[in-house]
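Look for chain A in each of the two complexes below; its partner is chain B in the first and chain C in the second.
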Partner chain A sequence: MKEKEVVQGFSNNVNTRNRYGAVWQIIFQASTIVGIIALIALMLNIINSAFGYIAYEARVDPDTFTVDGVPLEQQSKDQLLTLLQSELSSGAYNKLENEKPFADRSREEVFQLIVERIIRPEIVAVWDLWPSLTQADEIRATVAQEFPTAELDFVSWLTSDFVTRPQTSEPLTAGVRTAILGSLWTIFFTVILAFPVGVGAAIYLEEYASDNWLNRIIQTNINNLAGVPSIVYGILGLALFVRAFEPLTSGEIFGLVDPTTANGRTVLSAGLTLGLLVLPIIIINSQEAIRAVPRSLRNASFGVGATKWQTVWSHVIPNAMPGILTGTILAVSRAIGETAPLVVVGASTAISFDPESPFSKFTTLPIQIYQWTARPQAEFQSLAAAAILVLLVLLLSLNASAVLLRNRFSRRF
Partner chain B sequence: MTTNNNSEPKYVIETQDLEIYYGTFKAVTDVNMKVEQNKITAIIGPSGCGKSTLLRAFNRMNELYAGTSIRGKITFNGQDIYAKEVDPVEVRYRIGMVFQKPNPFPKSIYENIAWTARIHGYKGNMDELVESSLQQAALWDEVKDKLHQSGLSLSGGQQQRLCIARAISIKPEVILMDEPASALDPIATLKIEELMQELKKNYTITIVTHNMQQAARASDYTAMMMLSKEGERSGTVIEFNETKTIFTRPSDKRTEDYVTGRFG
Partner chain C sequence: MAELTKKNTEKQAPITSLRRKPRWGETIIQSLLFLSGFLSIFITLGIVYELGKEAMLFFQMPDVEMLSIITTTEWKPHINKFGIWPLLTSTLLTSAIAMSIAIPLGMSVAIYLSEYASPKIRNTLKPILEVLAGIPTIVYGYFALTFMTPLLRQIFGNDAVQIYNTASAGLVMGILILPLITSMTEDSLSAVPRALREAAYGMGATKLEVAVQIVVPAALSGIAAAIIVGVSRAIGETMIVAVAAGAGPNFTLNPFIGAETITGHIVRISGGDLSYDSIDYNSIFALGLFLFLITLLLNIISQAVVRRFREVYE
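Moving on to the complex of A and B:
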């Protein structure tokens, strides 16, 4: 194109302006790439720990327990119980009986106990995925030299057994079922509390509350509450749900637990605490969604003589619902990953039986991960990595189902 | 719906010394006008002189905007609509409204009308009501095969007629129209104007318009609004008369300048 004549007072600077644009574009791209690199590094780090060689030795050879040619793996529950009783001290046996009566335990649970308490396979060395792939020969040589009786296995710490087994103190038999169920129970109560209360408060604040100083103070406080550190909510939950409402949160007043052992450190308390934690986030997000419903739609409704409630119920809520659900999904994702408040509320660190009611003691995935990473042994780091993968999958699947739900809502028209 | 067949004209809406405020700002000053039954009354004037504000006051839609208040009086069939015992929902039920931007509900064409009827407790034959409303709005033939498609799938002009159908489905006595054709092309505009002529047999219509030709073509009475004084931001009706008088022998110089296109 022929260059434009330069008009007095203007400079023909199209090229310079385009260059500026290009520079900024590169900066923004770089930011994105930094983010992606960080994510990839995280994933590689987790995967690196979650797979690899382990060397382990059995402290007691399982073959010594073969009865009439029937190996340990195929014996009945009664045989296993007899074995357990003979091998353990009566004190240890009774303690197990007190935790959960043997009559209530399945054969698999009893078998687990035998592996855990009697055979006691012990990990002697652990390698990450990268050395396992690149230095397999050296690893074999090391094991043969240093641990001649040990067996070397390439394991995935993340297995279907890992997901379905309860927690134990032995890394080889530890699983996260207890923690997964604990997380699901907790999140259930979180949503039950935070979603209706949050959406209700948002509707009130947006549609009904008049613009006076009291409501402005309330609004400001909600905004600030969303930024309060989660540990503070933990302290609140401890004081309120665990202590003050103990008869309720322990299930005592419903007669569901023995009053002498009841305490408020239950799934219910944890869920309600996390509910309080995400409540401000849900309120704020729902308010945004409600505010985004166009005025023209409200006008249309009021213009045909609809009441406020008819307008809110039939138009505002349905049209805000996709946004409300998005906000709730984000909030719940945060709640699933919370650790600190649950530590304060008193999540149990080592329980091996599943939460079965709102009044069960519990642990959650993040608590479990925290516990494992806090241990010095390498095998627990690997367990933690596997549990992180489980947590990520749990998060993704909860999010995906919520997104599907949201899309169903927005496709109504 | 009573038809007015004696020579004495019946006024449905009357205002007395009406002032409308947004907070402390007085947007409309000193309006005295009457809306006659089964006639089309147009409100014209330059931008920002309070036409829409005045129209919204007629069915208390202005109350949905924070901080609005009125002084003076607006009566509907002789009843003060701002009296304490009057419910604004009732007012809007009897004085319907069509907005500048077509705003069908994001529901099906059928539901747009059915929902409106249902909230007022309609128990009759819904299919018939939907059909007759769409027919009165001259939309039936275009949509009868797609009643269960979204109202938003229609063209702008069709959407606006759907809004009119929705408004008349609950048989209001007055229909307020706030620049109903300003977002539409000339053909859709013409259709709306023809529709208004049809509707005024049964309804009283008040329309705000920017378009002077539209006022001249379609209305029986015209209220000319303008900022009351130089330097003031408050609008008022400077002249109110039969449309042909306003457009041929206006008594106010400012009206003459405006309608002849010398100003505004």
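Moving on to the complex of A and C:
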């Protein structure tokens, strides 16, 4: 009798335990689904803002500038320049001339200036993709009622023009070319600094360093540096590159720039700052790649009389290279997405001309996104969404190339 | 064979001592490599020196009193009020909100991936997590401002929730930190040997009991390290709070109103053309040094936890 009770109790208990197990399994699965939903929501939210209806009004009707029956869009550069000169104040015209001589500007650039400065289309209302698809009729009715002179267009904020146009303050003509070039220049200096030093440090730590206190400190220090918030690197860059090395980073000692306007807030400073930021990541990733090269390869090389460096150069580095490159690409994609340190180092808030030398003022893609996001108007949010898509495509292709590289060249020993 | 040996002896090279031959190239290369490694020490020293130097200037300014920094509750540089609390409370508030999302979710996802998911599901989910981890933080900031804030305002009402608020920044920061905690936790869970699980199953344990009572305790040091690293990441996170948490220090614990964090304040102050030797310029170095020391301490603790409490299995 007693025995039966125990068995009874046990089986009841098993049911409860299994129920608990089932409930928690659902909770664990639900958590995973929440994570995926967050990613989907993030993507949809960006796409939602990057397309949709806009209503805009021209402040000045372009038809008034038709000369001899030739509409504005088909006029030659000289005609456009004459128009620009007559419509703008001489001060504004000279300012444009100073920024970049009109002789150097293409017809498209001049046309864009006319649209920007004279016709000045103004966005009066913006709709996201979802309402644009589901409530198109209502949107048309609203526009017809509230903005009778406005034109309604379904636009993709992300266009090929958006990628190739320079930055402007008008949302309709703004582009990210300046920012993309700024990002590329910055990353170039980041890689120049961080790749050789990072790989060198990794080789030292894996191949040369004996287990003494100094090398242990170096290793611990690198692990800690990888966890330092990026904004701290920005502050370091501000003190070190922008201020202490100002003659060097502003290009003053090379005599390449006008010393009265030069300052250290340049592409070079930004690139070096990001270089310090990704250095620990490159070192740690390269160390892992070097560690994966088997001992036997080194011993074989030593066995035929190679020196330490010959072994490292001809056997360790070639075999570790795919891993090192993969790690470097991942570090670079981290650097491309960094915003905070560059704000601190002093990315320019509004520049419309491409960086041309290491000593140019700069803006980068994430900085551009930050500035557009920070503005309250809906059209700038849409611009930010389009710029985010450009950034994500850039990062995704970098990551994909890292994965390809890993799969293509990875060797198993 | 005999011929070969004969040839070799004929061509016998003069015996030299390889050991004593100085190889200058090798030495130079080794020194260069050492310098590369040593540069990281210089970076740390540079951070401590530069931040410390400017922070000292800040503390020595006549308007700045050490005592009032920790006793007063207003941070208004333009009228020389430097109480750290409004910046610190909002930093702690956003981090706490973020961790209250990231720890339970991150651990659940990690347990699911390591204990429940089939290899096929695991191989699809892990890249998704890596994608989440690779998205730049400014994108999360945009997400917080244009998705999370409107969502919160819809749920709690426009009057209760301001456009800029610490809740939306904190929640999105939780999503940002989720993959970090998940991957670190998952690593330490899968490092627990299979034999422990089999033994528990043999005793009649259910899957949940194995996961929660056997595997998680065995991996506790790794999980603790993941949480500490997550906290350090949350405290140093900048762009989400700069975009979504609001401008202007605000001494409050209400998550629905705007309050600037330490990092957000540094970004806003340095966003304009900051003149050197101004009190603002020096104050960001003091705040930066504070951030550096906190995160350094957390990272050291996390490494010590792993070293000290790691269960080593054969």
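The criterion applied here is as follows: the second predicted complex is superposed on the first by the 361 of 413 C-alpha atoms of A that agree within 3 Å, B and C clash if a C-alpha of one lies under 4 Å from a C-alpha of the other, contacts with A are read in each partner's own complex, and residues count from 1 in each chain.
Operating definition for what follows: contacts are C-beta pairs under 8 Å (C-beta built on N, C-alpha and C of every residue); 3 or more make two chains touch, one makes a residue touch a chain.
Predicted, not measured: the structure shown is a model, and the values here were computed from it.
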Touching partner for A:319 - first (chain B), second (chain C), both, neither: first
Contacts of A:299 with chain B and chain C, given as first, second, both or neither: first
Broader residue contact with chain A after superposition on the shared chain, chain B or chain C: C
Touched partner set for A:217, first chain B, second chain C, both or neither: second
Touching partner for A:307 - first (chain B), second (chain C), both, neither: both
Doubly contacted residues of chain A, that is, touched by chain B and again by chain C: 307
Residues of chain A defined as touching chain B within the complex: 211, 294, 296-307, 310, 314-315, 319, 412-413
Residue ranges of chain A in contact with chain C within the complex: 17-18, 20-21, 24-25, 27-32, 34-36, 38-39, 41-42, 45-46, 49, 196-201, 203-205, 208-209, 215, 217-218, 220-225, 227-232, 234-236, 238-240, 243-244, 276, 279-280, 283, 307-309, 333-334, 336-340, 343-344, 346, 349, 366, 369-370, 373-374, 381, 384-385, 388, 391-392, 395, 399
Touching residues (chain side chain C, partner chain A) in the complex: 23, 25-26, 29-30, 32-41, 43-44, 46-47, 50-51, 53-54, 104-105, 108-109, 111-113, 116, 125, 128-129, 131-132, 134-143, 145-147, 175, 178-179, 182, 206-209, 212, 229, 232-233, 235-239, 242-243, 263, 266-267, 270-274, 276, 284-285, 288, 291-292, 295-296, 298-300, 303
Interfacial residue positions of chain B with respect to chain A in the complex: 59, 61, 64, 66, 89-90, 92-94, 96-99, 101, 103-108, 115-116, 119-120, 150, 152, 163, 166-167, 170
